[in-house]
Each structure stands twice: as C-alpha cells, then as structure tokens.
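Dropping the structures in below, format is structure tokens.
Paired with chain B in one complex and with chain C in the other, chain A is shared by the two complexes that follow.
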Partner chain A sequence: MTTTTEVPQVETLQLVDGGMNFDGVQALEDVSISVKSGEVVGLIGPNGSGKTTTLNLVSGMLHPTTGRVMLGDKDLTRMSMRKRARIGIVRTFQSVRVFGRLTVAENIEVAALGCGMRRHEARELTEELLEELNLESVANTAAESSPAGLIRTIGIARALATRPKFLLLDEPAAGQNESEAVELIEAIRNISRRRACGVLLVEHDMSVVMSTCDRLHVLDSGRTVIAGLPQDIRHDPQVVEIYFGKRH
Partner chain B sequence: MTNSTRIRRLFETPILLVALMGLVALIAVFGDPTITRVTVQALIAVVFVAGLSLFSGNSGVMSFGHVGFMAIGAYTTAYLTIPVNLKSSMFSDLPESLGFLATIHAPFPIAVLVGGLAAAVLALVTAPIMARLGGLQAGIATLALLVIVFTVLNSWTDVTRGSSSMIGLPKSTTIWWAAGIAALVIVIAWAYKKSRSGLQLQASREDYLAATASGIAVGRHRVFAWVLSSIPVGFAGALYAGFFTTFNSQTFFLSLTFSFIVMIVLGGYLSLSGAVIGALGVSVLQEILRRFQDGAFTGGISLPAGIADLILAAVLLFVLVKAPLGLMGTRELRLFRKRSIGSAS
Partner chain C sequence: MILQIIVDMVGLGATYALLTIGIALLFGILGLMNFAYGEIIMIGAFAMYLFKDYPWFVGVLAAVVFAVVVSVLTERLAFRPLRNADPVTLMIASFAVSLALQSVMRMTVLPRTQGVPPQPFLTESITVFGIRVTVLQIVTLVLCGVLLGGLALLMKKTPLGVQLRASAENFQVAKSLGVKGSFVIMSAFAIAGVMAAASGVILVARQGAVSAEMGLTPLLIGIVGAVVGGMSNLKGAALGGLLLGMGTGLLEATLPTDLIAFRDAFLYSAVMVVLVIRPQGLLSGTKVRTS
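On to the complex of A and B.
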C-alpha cells in the first residue's frame, strides 16, 4: 500500500488547551487533542459533550476563546477555515452540505479547484476519486438527486479532492447501521493510510470507533474524560458509566 | 465521461443559442418595420439578461441594480455619439472638469465598448460591497445601487439633463449589431459558467459554508463575476441608446428593471438558455400585451392603461408558484439527450 517514491513527513495537528465559551456557556474547557499523519483518532462522547465544537475549533469554523490550534510549530489559531482548507486541513459536515444542483463530479472537481489545483489535475483527481469511492455511476447526476446512501460518500470524496493532510469528519456514518458504518469508516481509513493523511473522526457510536480508530478521545460536558488506545478505554469505569451506566 | 462527450456538451448549448440569435435576426430582416423593432428590442433584452445571468445565475444573488449599469452604457453612448455642435447647446452648463464631454466624439462601435467599460468601472467601485454581502442583503444592496445611479442621473441635470431627454443620438443599432453582440455575450456568459471561477461561484451559490470549507474564495469569484457581468449590460445600454436615440433618467429605473427580472425569472435564472429564452419570450409577450391594451384584439376598444403590466405581473406570480426555477430550471438547451445519465435533473 505505501508508495516508496514519496515519504511524507509526519506532521501533528493539535488543539492545545482549547476552550470555547458561547455567551457565558462553557461548551469546551481545556481540551487537548492531537492527530498525527496517517493516524485515525476517534472523538467520542454523548450528545452535547463538545465533539462538534472541538471539530469546529480544529477546522477553523470557530476560533477558541482560550487555547491554540497548532500544525507542527505553526500557530493556526486565528487562521480562517478557508485558509486551513488550502493548507490541507479540511472538514466534512454532519449534514454533508453537498452542492445540490452541481453534478457529483462537479462537487469533487470544484473542491480541488478551490484548493488551487489546475483544471486538468482537478479532473484527473476527480476521475480517480469517483472510481475509488464507487461513485462513477452517479458522476453526472445532480448531487441532490443521487441516492441518499451516497450523499455521505460524496461529502468525503469532496473533502479528499482537496488533497488533505488532515481530514476532520463530523459523524460521517450518521444514519447508517453499524455494519455500514464500520464499512464506510474502514474505507476512509484505507484511503487516509494510502495518502498518509491524519483523520479526526467524530462519532457517537462507541462500537463503530472501537474497531476502526488507532486512538480514542472521550469527551463529556466539554471536558476530556480519557484519551488513549481503544482497548484501554473500553473498560474504563468512567466511560462505561457515561455510555452504559446511570443516566442523569 | 469521455472526452468527446465532454467537448460536445461544452459547445452544444452556445452553438444552439448563437444559432437562435441568427434565426431571430433573419426574422427581422424579412419582417416589416414593427417586427424589426420588436426583434431588436428583444435582442437588446437578450444582451442584458445574459449579462445579468452571468452574475446572478452563478452566484445565486439576484441583482436589481444592473439597470444602473445599463444607464451608464446609454449615457456614455450619448456623450460619445451626439454630434458635437448639438452637444454644445445641450450641455451649456457643464462643470469645467467635465468640459471634455461636450467635445469628445467617437464612432458607435467605440461608444459601445466604452459604454461597457464605463459600466465596469462602476461595478469595480461597488465590488467590495458585493464581496462582503450575500443572499437577501446583497439583493437589497443592488437595489440601493439602482437608486443611487437613478438619483445621480436625475438630479445632476447640468451633466445628464435629468428628466429632460437626451436627444440627437444617431440611429446606430442595426439588427446585426444587436444580434452580433447578443451572440458575443452568450459566448462570454457560457465560457464563464464553464470556467474554474464559474464553477466555484456556483458551488458557493449551492452552499456558502461548504464552499468556504473547500478553500473557495467566494468573495473573489463573486467580485469577478460582478464586474464581468456589468460589461455586457453596459453594451445593452449602448445598444438601447443607439436604437431609440432618445431617453432620460426615468428610462433606466424600476419598470425596466421589473421587465428584465420577469425575463430572467420566467426563463430560469440558473440556466443561460433560460435567460435567453426568457428575454425573447417576454419581449414578444410584452408586445402582444401592449397591443392588447391598445385594443388590437378587442375591436379597437382600448383597455385601461397598465393592464399589460398587470398581466405580466400575474404571469410572473404564476411561474414563481408553479416553477420557482423558471421554465428551464437548471437545464440548458441541448440537441441530444443521453438517457443513462441524469441530464434532465
């Protein structure tokens, strides 16, 4: 799988002591999380635990009230989401937000163009991604009228078209059953391995991330509960309580 | 998609639309003077609406201000083509700094070109606003632009003659000028739609946030389309001036804006073919309604003034309800249709 010609240097994207305060509501407090090139990190926690807020901070959609976002030793804290996309930190949305009346192929091509690729490069990459993600049959269909099950894949293909170094996925498997979700995330994992791309994956289903992530980060009420390897986290009493134990 | 299909799909629509312009021009050549007049007006409408569609169709921001650009094109043509000796009597009170307006003169083709460029200057000045605003706010800003242009033209009487007419323009707009520029503008609008900037702007129209998240510099593309679209609209003003040979500040205001909006909305603002077909169709419809109002179909009994506009407004409302994206939706005119792919969607 690994190509011998290019050896990409390993980079680290991290949120350092990130805090987010929305008009007095502390949505996130002192959360530190990091992703290395080629690694899949799962970000889990119950609803309202701050997963999406964390992703928004890392992607640049929101700027943290405290803490920093770093790529290696470069400070990105104030950099816009658009500029981050152009340096290879790209996100997807829970609601996908496809470009509905553009074709599936155009959805992918335009993201490549957005990140500065030349037209023919963008087209070649589009063809590759359509094939890799089995979207060829719908390539010339308007994205909004393609089958619901493919919409999420289109969103991922679009993100990959920017040639990301880091892919930030907001519940990419939402609405799918467990086996479909595992399959989709496995596919994402293979793709990112091949591209030596780091993945930060927001997911609320524990069992999905257990089998697919290299490391896990558990949030609850805007704070880190625990971070580590999946097998260590599975039996952590706090996590068990959050997920299976008493409900407040 | 194979390369040949892609090339066919790329050229099919503009070729059909340009051929349509040729056909329309031929109708005028063999028609009576009334038909020629309606045809030239319809072609000028095509120039305007295709130019407007270059901005609104790709960005999704409806502009109510483009008639302001048209006014700039028309007044520029007036200054450049009214005979110099007539101008010196028409503009005796020109401010010293604009004294050159009384003496400059240029042939019509140059006037058309300068008209387009003058419109682009205004577009460039207003571009920073268009880059920052989106959706409803942008639409309202364009309306404000129209009001600003109108107010200046209406009040700065020493230079513009305000509501007194500009007169003495030579009749320069022939059917071939109108058809030729319409064809040119169609090609420009199509080329932009298919360009990398055009595609990125369309993505921002579909989802602004996702476009930004894909690295697309929405403001930059919107500004480019805004300025580029003002040029054909300036041409339309020059053609208008060279055809009617007289106009005043009231000419380029709300009722003309309404006409063009009806055209682009009826045809379908997301489709260049829709814009062109809307411009042609509504121009003909307006002529029929005008005659209807004058009693042509009611045995010479003329109907109350305004009935034509009322019917047009009713047609607009009907289409907005029944087909919010107009007759063409997102489709373009094509000869061949492949069944296997969702080209009709």
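On to the complex of A and C.
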C-alpha cells in the first residue's frame, strides 16, 4: 500500500450554457449546472422540463448542440459515454435496464470489469457493494426475477462498481415504496460522503430531493428557473407555482 | 439397430449444434443475422484442402487460424462501419460479404470443387455391442462437446464471458458502464470463427471435398436450427441444432427408400409446426430484441 494517504482532490463537473435542439425543438436552452466532489445536487422540474436531457448531455449519451461539458478545465463535450464512464462519470437509467439474464452479482461485476478492474478486484468490490446495499441474499439469482424496487438498487450498485467520481442518477426512487425510498436516500448520502463522489440526482419525488440534496436546480420548459439551497427553493413562489402548483 | 440409429442421430445433431451456435452468438450480441457465416466455414474447409498433404492436426490448426482471421476481418471491414445501422442493413451487408468471399474464392484459388482425400484414421470404425462407430463420429462428438462445453465455461466463468453476455442483452448500457464494446464484438467474431473452423473440418471429413459454394447448406441449417431453438439464447440454439440434426438422422434411417429424397420436406414441415406453436423458439423467453 502507499505510504502517503491520498487526499481526494475536489473536482467540478459542469454543463456550461448547455443547449439541445431536437430537429427544431429546443429541449434545453442555456442551462448551466455544476456538481462538486462529495456534493449531492438535485435536478427537479415537471415532466418535459429537460431534466433527463440535461443528464444525457452530462453523461455523454447526447452531445449538446450548444455549450460545453467540463471536468475541471478539461473539455469533455465530444467524449463518448464509454470514455466518460472510464474516467469516472457514470449514469443510471430511468428504466434501470439491468442485465436480466445475468445474476445480480454479475450485473455489478461486469461494470467493475468494464472500467478496467482485474477479475479478483472486481469480485472483491462486488462483494463489498452487495453487502453495503443489502443485496447479499439475492446475489446469485437472475436480476430479472428481482422486484422493481430492488432493481433500482442493483442499477445503483452497478454504477458504483465503476468507482465513479461523479454519479448521475435518473429518478432512482421511482417505483419504490416509502421504506425503500428512505433506504435509498441513506444509501445515496453515504455514497456521496464515503467516496467523495459527486451526485447529480434527477428526481420527481420532492421528499427524496429535499432530504438528500445539498443544492437544487429547478428546470421548466428547458430553462433554469432557480438554483440554490433546498430550504430557499421550497418557498420560492415561482417553484411553488410551476412544481407544487401542478402536483397539489 | 435402434442404438445404431441413435448414435448416428447424435453425431449429426452435435454437428448441427456447432453450426447454430456460431449463428446465434453473433445474433445475440449484435442483432446480426450473419449470412457470411457459411463462407467462414468454407474458408476453414479450404485450409484443410491447402494442407491436405500435412498431418491432420496441421490442417485443423490452419483451419482455425484462417477462419478466425477472416471472421475478424469481416467485422473490421464490413460490420464495424455499420455499427449503429439498422438490423436489415446489417443483414444485407452480410449477404454482400457472403457473395464477395464466395466469388473471390471461385475466381482465385477455388474455381471448382476440389477433393480432399479423407484421413485414413477417420474412416476406421470400431464395433461396440454390435454398434458400428466411425472414428470420425467420435472425433465429431468430442470436438462438439469440447467446443460447446468450452464456450459455456467461457460465457459463465470468465470476465470476457460476463461482458459478452451483458453486451448481448443491452449493448448501450454495457458501454455506459465502460465495457469495451469493440473488443467484445471482435471476440465474438473470433469465437464464431473457431466454431466455423470446427464445422469446416467436420464437413470436409464427411464430404471429402471443398468448393466455394459449400457454405450455403450449413448456413441454412445453422439459421433454421437457431430459429427453432431461440435465436437470442445460446442454450436454446444448441438444442435447436441438436434436434434438427437428430431429426434428419431419424428420417434418414426410418423413411422408406422412395421417400428419402423428400427428407428435407418432412423435416422442414416439422420445423414449421414448431414455429407455429412457439414462434419465439423452444428455449427463448418472450423478449425479442428490437434494438
């Protein structure tokens, strides 16, 4: 082992003036959002507000029509999703898309292998993650036979197996019951703290966002409405109108 | 008598299972219906012809090398540029590759059918409990067993296997987790090349000849077997091939002489019945890959 303990460097992942145009439809316009190591940033807004598009731009699934994606002072705008995964920017998917015919353990292992770990390293990390996320009991069953709530957890475990510096989570609590959601909040906060990993959380469920995030970013119709601390945003009249107003 | 038929059936079934696996492997991972697979078999068989004066294992080795190299080359030159293309485009490209390989071989080194004298030791037979088994049958069974078992182990136990299976299920998600898609695909083509070489070796030994067009029949058998068993599932594909081969053997042994000529008509009618009852294949789940 190394003699000097490495102090994890604080890095910033950001989308700068990001815009996305789908065949003439402006899905996103001049949205700037940043996440620092160890920070949980929530991205909220009504359906069609551009949350998932923003996540797609940051993860590299889509490339922005305008604006840039930066990690520190490195420009990632044209980098592929796979290469971003290899440098530690990893996403989950809204419809988790686990590898159904692989076992739960294999789902996690394949991500560790994908990011270049050796086999025994990958196995060890898989064991750790199975334990940390309470998946040990289902480790060797086919992922497709897991209940919906558990599948989201598998998706997160799988993303964590790449040892991400930044984790982009697309609606991780959707389809989970209340106790599962509470567990998930705990898990996300722990992930962020223990691994000094930055988390960008796209979420519908306001209670999840409020209790998990350090900062919030509110989108509507592809534009930023407001960004700031959760307690400030909760009472912002604009947010209440566009977000809470629609739901309650 | 019955045992003799069963032994012959299993031998043919194992041969067919090798064919279907090669087809299903590429289909499962790429959604590629590879019509050029028959030509890879032909290339393997051609290597056997080229090295017919050397000891048998030299020819086998050459067959593996030739088939793997050509299989990987087709990926690099023809299929990689079409990585994100529609499955139909890929299929048509594989037709083109198939025809190109066939024509090039016919124009250059294999203008007409060439005989490959069978290795004397392969035609010898031993009799156990009144059943006559040729060495070729034993070699076929062992080869198929080793290859299918080896492939199962590779898929189940190795890092490459896990990544292959993950990529087969969802290529994009696998890539989003850092899996090197290009490497995985190249490996799949290399493995398919090994399978094709084995099929080529067995075919040459059975037919005693090679020709540029010899890949067509095994290709059709491979596709039909894979469809019967379930295209996106290796176990199912192997079962489909095995059943198809055993069916062929059974019909050959039991049909009256006048009807032998219509063997394939009976066989493929049975295939149609199976597909009407289970259109997704025998062992496939209900999921059909759409992307």
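FYI, the second predicted complex is superposed on the first by the 234 of 248 C-alpha atoms of A that agree within 3 Å, B and C clash if a C-alpha of one lies under 4 Å from a C-alpha of the other, contacts with A are read in each partner's own complex, and residues count from 1 in each chain.
The rule we apply is simple: a residue touches a chain if its C-beta (ideal position, glycine included) is under 8 Å from a C-beta of that chain, and two chains touch if they have at least 3 such contacts.
Just so we're clear, the structure is a prediction, and the values are computed from it rather than from any experiment.
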{"item": "Superposed partners chain B and chain C on chain A - clash or fit", "value": "clash"}
{"item": "Partner with the higher number of touched chain A residues, chain C or chain B", "value": "B"}
{"item": "First, second, both or neither for A:Asn134, with chain B first and chain C second", "value": "neither"}
{"item": "Chain B versus chain C as contact partner of A:Ser207, first or second or both or neither", "value": "neither"}
{"item": "Touching partner for A:Ala142 - first (chain B), second (chain C), both, neither", "value": "first"}
{"item": "Which of chain B and chain C A:Met61 touches, first, second, both or neither", "value": "both"}
{"item": "Chain C collision site on chain B, chosen from 1-9, 37-45 or 91-99, when both complexes are overlaid on chain A", "value": "37-45"}
{"item": "Residues of chain A contacting chain B in one complex and chain C in the other", "value": "59, 61, 80-82, 85-86, 90-91, 93, 97, 99-102, 106-107, 109-111, 113-116, 119, 122, 158-159, 161-162"}
{"item": "Parts of chain A lying in touch with chain B, wherever the complex brings them together", "value": "59, 61, 80-82, 85-86, 90-91, 93, 97-102, 105-107, 109-111, 113-116, 119, 122, 138-142, 145, 158-159, 161-162"}
{"item": "In the complex with chain A, residue positions of chain B that touch it", "value": "1, 196, 199-200, 202-203, 206-207, 209-217, 270, 330, 341-343, 345"}
{"item": "Partner chain A, residues of chain C touching it in the complex", "value": "159, 162-163, 165-166, 169-170, 173-181, 287"}
{"item": "Residue ranges of chain A touching chain C (in the complex, touch as defined)", "value": "59, 61, 80-82, 85-86, 90-91, 93, 97, 99-102, 106-107, 109-111, 113-116, 119, 122, 158-159, 161-162"}
